[in-house]
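This report refers to the structure that appears directly beneath it.
Chain lettering (A, B, C, D and E) follows the sequence in which the chains are written, and residue indices restart at 1 in each chain.
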């Protein structure tokens, strides 16, 4: 295990950024977000970013190709996938787990090359949590917020940053940094995690029962009743990966790009002759069935949630996966 | 896929001298959708038009772009051209490369580049043009005139003379309006009744005219050519068909103390009455507010004396619904209430009168038999003070009106002159801000009053009138003399401002005709369409549109009639196809569009829609009547949902032009 | 801001059919010159101008947008320009509030008889925009020619 | 207040006066209440809450709810009643299907305000007169209710309860409000500063549509930004221009209809002060065309749908250049 | 660096021939820019066609894999992309990616089986590929019955091919029906579900069905009445798709993605899934 003085964290960032692009969680226009480090940019004091770390692998808008149309002819020039290595520092355990979930979708055959390139170019440096918010429930999903994983795990204790490489990429990163000293981190106090109000959530039930039982649960109607149909929960969610592919006529050609989409939107499945999810109930149900049932069914029981608590904080009407999971298990809303 | 043809006109050398037309045609040929592109010397010539038509047929064109002079010049020409070749006339766009390009630029390269861009914009737009068909709506060949004053009578007579049936709705028991109360008319000083009453008789005897008196418009539906109007004919408790107008009942009625509105309350009438001797229809009316029989069931004298058996105490209001092709508003004016002008002591002294009351006092058929007597003591007045602009041209308009009532200068000159002529022993003062006498023989008339009749015209305003010791103490300022005046007057006559009749505002709402802030009806165009309301099929006659004297009123009345006749001779109306069109699926029924429509073309209906899961959803949605919509597009921007679009100038089309220009 | 000598702005002029478009025609008839940067889009009435059109013009590369309509009181449709005046006043104020240069947008009333005014207005507006430089604050980089 | 609201809700259901009640349902942490429809009194007594965090404006739900069978009771705060009236003016709510209970308000609290105070891990809040006792994972602390208020409540414009069928608490009055102070502060900046400010804020936008979907004025059947035929449809802000476009057009579409309820800013997950755009319109309209309050009454004509002959020309715009 | 092309990036292809089948169905012949067939596929698989600026949509490949020269798509005019397709002329280029989906088990489950094809309207499009494949390898399969119905004679897709080829082949029984009587129609009149029941097929057959949901529903009920089991019935689904790669997240029915796990499903699998289609 390596160490670095927290008082000179800026120097560490400068050292990393000297070789590749570095993203750290920082306050930009008052909002914590993963931002490209530049001298002077300080880490946010917030526990986690408002938007999740998925942005760096699956950005909200991404160009796919540019077309030119002339007469009856069409030509394509594909967009370049990222070719520059980068480091993302300060990823929390929950967000780090979300990469696994995104991988299971984007890297499944045929792999999404844009995502894949970013994943390959990235070195993920995680940061252990010590002061969780009440909305945190990663522990109930088998995540240890104090052992966050990634290519390099970091801990902050007293005045020291402890770094532990977990992968070859991580080793390489640490090896490239000067003046790292050896050290052992002290045992952390984990008692606050035992006090988390949502720590005892149990998601195992959802793979235990038949899909249709959950689907036909009477609670959906009531739970979805006040849903505004906005995309806040999906857009701040680190595991939501739905996207739309759209064309933009620039006047000099057509740019095809993909952008985040939300299954909560009424036009998500709209076709020329209607939609198969006509009311918010079906859309709402889709989102949570996907997280709790469909995704685990298709991916060896892996729940599509990492317990980051963002949807608990951001939903305009305070509806969230915790309320849904509890209501489903109780069978009443 | 569109198949667009592009035709670049040289306009002789008008375009070709500054724009390289060949390059334009060749460059535009490469635009998406363009399958044919050429240039020619004169596209608007016979040969040019044939060239276009041939290309339409040969290349199966689905749209045509002509790069030429302004569409204001030849759009109609070219629409006909393409229509003859079997293409919808609205699948044509014109790029204005003459007025807006070749004529304003000198550099050929610049002008050519610009012409290409303008052509591109037209191509981009025409790609999205939809074939439009002008709709037709039938015309009901009958007109309604609301208001039976001189304006309404003249309009009705002119329409009737042209052979169309016309109904006059008059709220009073007789037609004739304000002019019946006037004694003499300026600047000729001929007798008002002598020129008006023959017209009233003409109207009553004209086969094409139906006078519905003592009635009011209750409801208006429909649109130009197709109005359906419900009229409430108030019960007059006298059978109009039986009553001979002999007037016996009005002499025998025991209720004698009813203020006579015809004489503005200066004398009394009976509870059953005929407003005046020449009333049309000459039929008695029972005033239910005063008739003892109607109020308490005791009396019945009139029924006993009526030999025709016309009295019917059980008569009810009657609702008549009729169809009309055009509606003329002739609701006229009334003098304003003077309760806010206490400084003139109008409410304190009966000797302070309005000009209209003065008319009655001077009228041979008036309460004094034509002898000028003070209302307070019946004595002959010696000093008369006329005050101009009472309530007219007021700043801020809190107290009166901001506008000039227009007629006061002239009738005051008339009053002063008549007074001095009949009673040379009188002193007549006129206080004015300005004397306004534009009009044929008007200024001569005014100068006669001053020069021949010795009327004292004083520029200045009367500050206060105080009744004291049987006199009216008038304090005034003489602006030219720069002094304060005190006059002991016997009578003060106030030239009260005129305002639209009170019934005009609710009527305008029913008609969806717009009004200005003073409740005068707005004309469709202040210069070019002065007798039409912006609402199609509604016409304006007389003072309802603004203050007017009699000749102006009559002129406008005839003009309105001419417009009505022009409408009624048509069997059907061709509608402008470039109208607003709501997308019912997008419309949320919020009424924003309706509020900005100057024509009242937008209405709402509750419609059923398929909801999710086989449910039915009833929603309020906007509907545009294409026969009424003129296509301004105000609604399209007012609509927050983007549900309202304008055919021919749709959002997509304009955006396409923007894109093409900015590219 | 530096004045760019080679900068030729793109200017979109929305003109109502009845007054301003006719005014533009008149300035052509009278051979009154104004810069070729100005391209006119004909709309039936100034009240047809949707804020969307203005923003779209800026997105697609316009550097200035001007609306010309009948003088208040002279609208062919009686009231259209009164609505246009309110809408544009509020929209321009909001754009200004968001830091978009106030001078980039303009409303001018031009009658069918004011050919000279039309040309003068366009000359002046083009000068203003040239001085202001290219539209950066409401541009869409995707629409720039690379 | 809580008990009176719940008792009222229960009795309206028990008496049969209403078939449904639109209120709030408790969450896990006191502050995370969810709007909910209750259909029986027992449910109301067990689950319904009315606490200082019930800040959501329920009026928009009435569009859909008043289309259903039976009458629904709703609890509206003063600012909500403005939206309620405005929606009726736009024919969006069937008034006879609604029983509006006005609830007097002294400002609503917001969890983000607590976080601003540095409180982390808030697990419980207890109301005590003018104080809130906050329990967090790390401490217990008593703060004044005022400190916890939602920012919008500091500039409350009115405590009038409009068009309610009955009231809980007293009828209130218009308040002297400094709600335009922030707009004025921005106006005082240079255009460059303003541009930088808005670019910073709007570049945070993730286009989740929360502002639009919560907005009672955004009651369109289909938003122009969702309509492929509108010409401006877009789903993500694919460029800085589109970030601006969305918010400009949205503000323009609600101009004269926005009651300034502040929901847009409350729900924005990125904490963009969106209400400032709407408020700028309100301020301008008040200054240019005379005072107008959307939803303030049933008769006044919205300024965007009216005009006077002598309205100011666009040259009146002088934001921040008064002295120049 | 030589990166593989992302599966979302299409290739350019060319429409060489357009045939109007019915008033609202056209069949498009598509080849690569080299003039050759752009991809190999299994009957029942789909491909994404797109015009940049107009949109991208998934269509069933209606030609048989045994056709070595080109791909064919029979497309009904119903939305943005299809409207554009119906307006183009031969020679037009467009973009193509695929093939996507599982396809019919023609080389496994279907082998040796008596096959009963049931189609309604444009539902024949995905089946045509299978039918022609089966015709090509006729010896690998048992008897073939085809029940095909449309609103009218004019609405029968591939009517000429049916008449001139399918009807004339031994061992293939074509049963055509139209919804309402028509002067120049001597065949059966009536809806497909009723016709299937009337025809009372042997329950040993494997059923391949495609058509509007209402037809599927009633035909399935009829088949079950006749004694067919759901595991004998195959059908294909169509839902909104953007990626066709199982990633964009919208075409799922329960935990199955139509683009990846479908579009062909055996109906007994569907009973375990929600009816969100």
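Quick note on the criterion: a contact is a pair of C-beta atoms (placed from the backbone, for glycine too) under 8 Å apart; a residue touches a chain by one contact, two chains touch by 3 or more.
Keep in mind the model is a prediction, meaning the values are calculated, not measured.
*Asks:* Among all the other chains, which ones are in touch with both chain A and chain C?
*Replies:* Chains that touch both chain A and chain C, as defined above, are B, D.
*Asks:* Using the touch rule from the top, work out which pair, B-D or A-D, shares more C-beta pairs.
*Replies:* Output for the comparison: A-D.
*Asks:* Let me have the rounded angstrom distance from the C-alpha centre of chain B over to the C-alpha centre of chain C, please.
*Replies:* 35
*Asks:* Calculate how many whole Å lie between the centre of chain A and the centre of chain B, each centre taken as the average of the chain's C-alpha atoms.
*Replies:* One centre to the other, that is 67 Å.
*Asks:* Need the CA-centroid distance for the pair chain C / chain E, whole Å please.
*Replies:* 54
*Asks:* Show the residues in chain B shared as contacts by 2 or more other chains, in ascending order.
*Replies:* Chain B, residues with two or more chain partners: 596, 638, 651, 655, 659, 662-663.
*Asks:* Quick one: which residues in chain D touch 2 or more of the other chains?
*Replies:* Within chain D, residues 224, 230-231, 238, 304-305, 308-309 contact more than one other chain.
*Asks:* At least two other chains touched by the same residue of chain C: list those residues.
*Replies:* If we look for residues of chain C contacting two or more partner chains, we find 51-52, 56, 59-61, 73, 79, 83, 87, 142-143.
*Asks:* Which pairs of chains touch each other?
*Replies:* Touch list across chains, by label: A-B, A-C, A-D, A-E, B-C, B-D, B-E, C-D.
*Asks:* Spell out the residues on chain B that touch chain D in their complex, using ranges where they run on.
*Replies:* Of all residues in chain B, those touching chain D are 517, 583, 585-592, 595-596, 604, 617-620, 638, 640-643, 651-652, 655.
*Asks:* Would you mind writing out the residues of chain C in touch with chain A in their complex?
*Replies:* Going through chain C, the ones touching chain A are 60-61, 142-143, 145-146.
*Asks:* Which stretch or stretches of chain A touch chain C in the complex?
*Replies:* Touching chain C: residues 248, 250-252, 255 of chain A.
*Asks:* Report the residues of chain E in contact with chain B in the complex, numbered from low to high.
*Replies:* 87-89, 92
*Asks:* If you look only at chain A, which of its residues touch chain D in the complex?
*Replies:* 28-31, 33, 47, 50-51, 60-61, 131-134, 192, 195-198, 222, 225-226, 228-232, 234-236, 244, 246, 248, 257, 259-262, 265-267, 312-314, 316-320, 322-323
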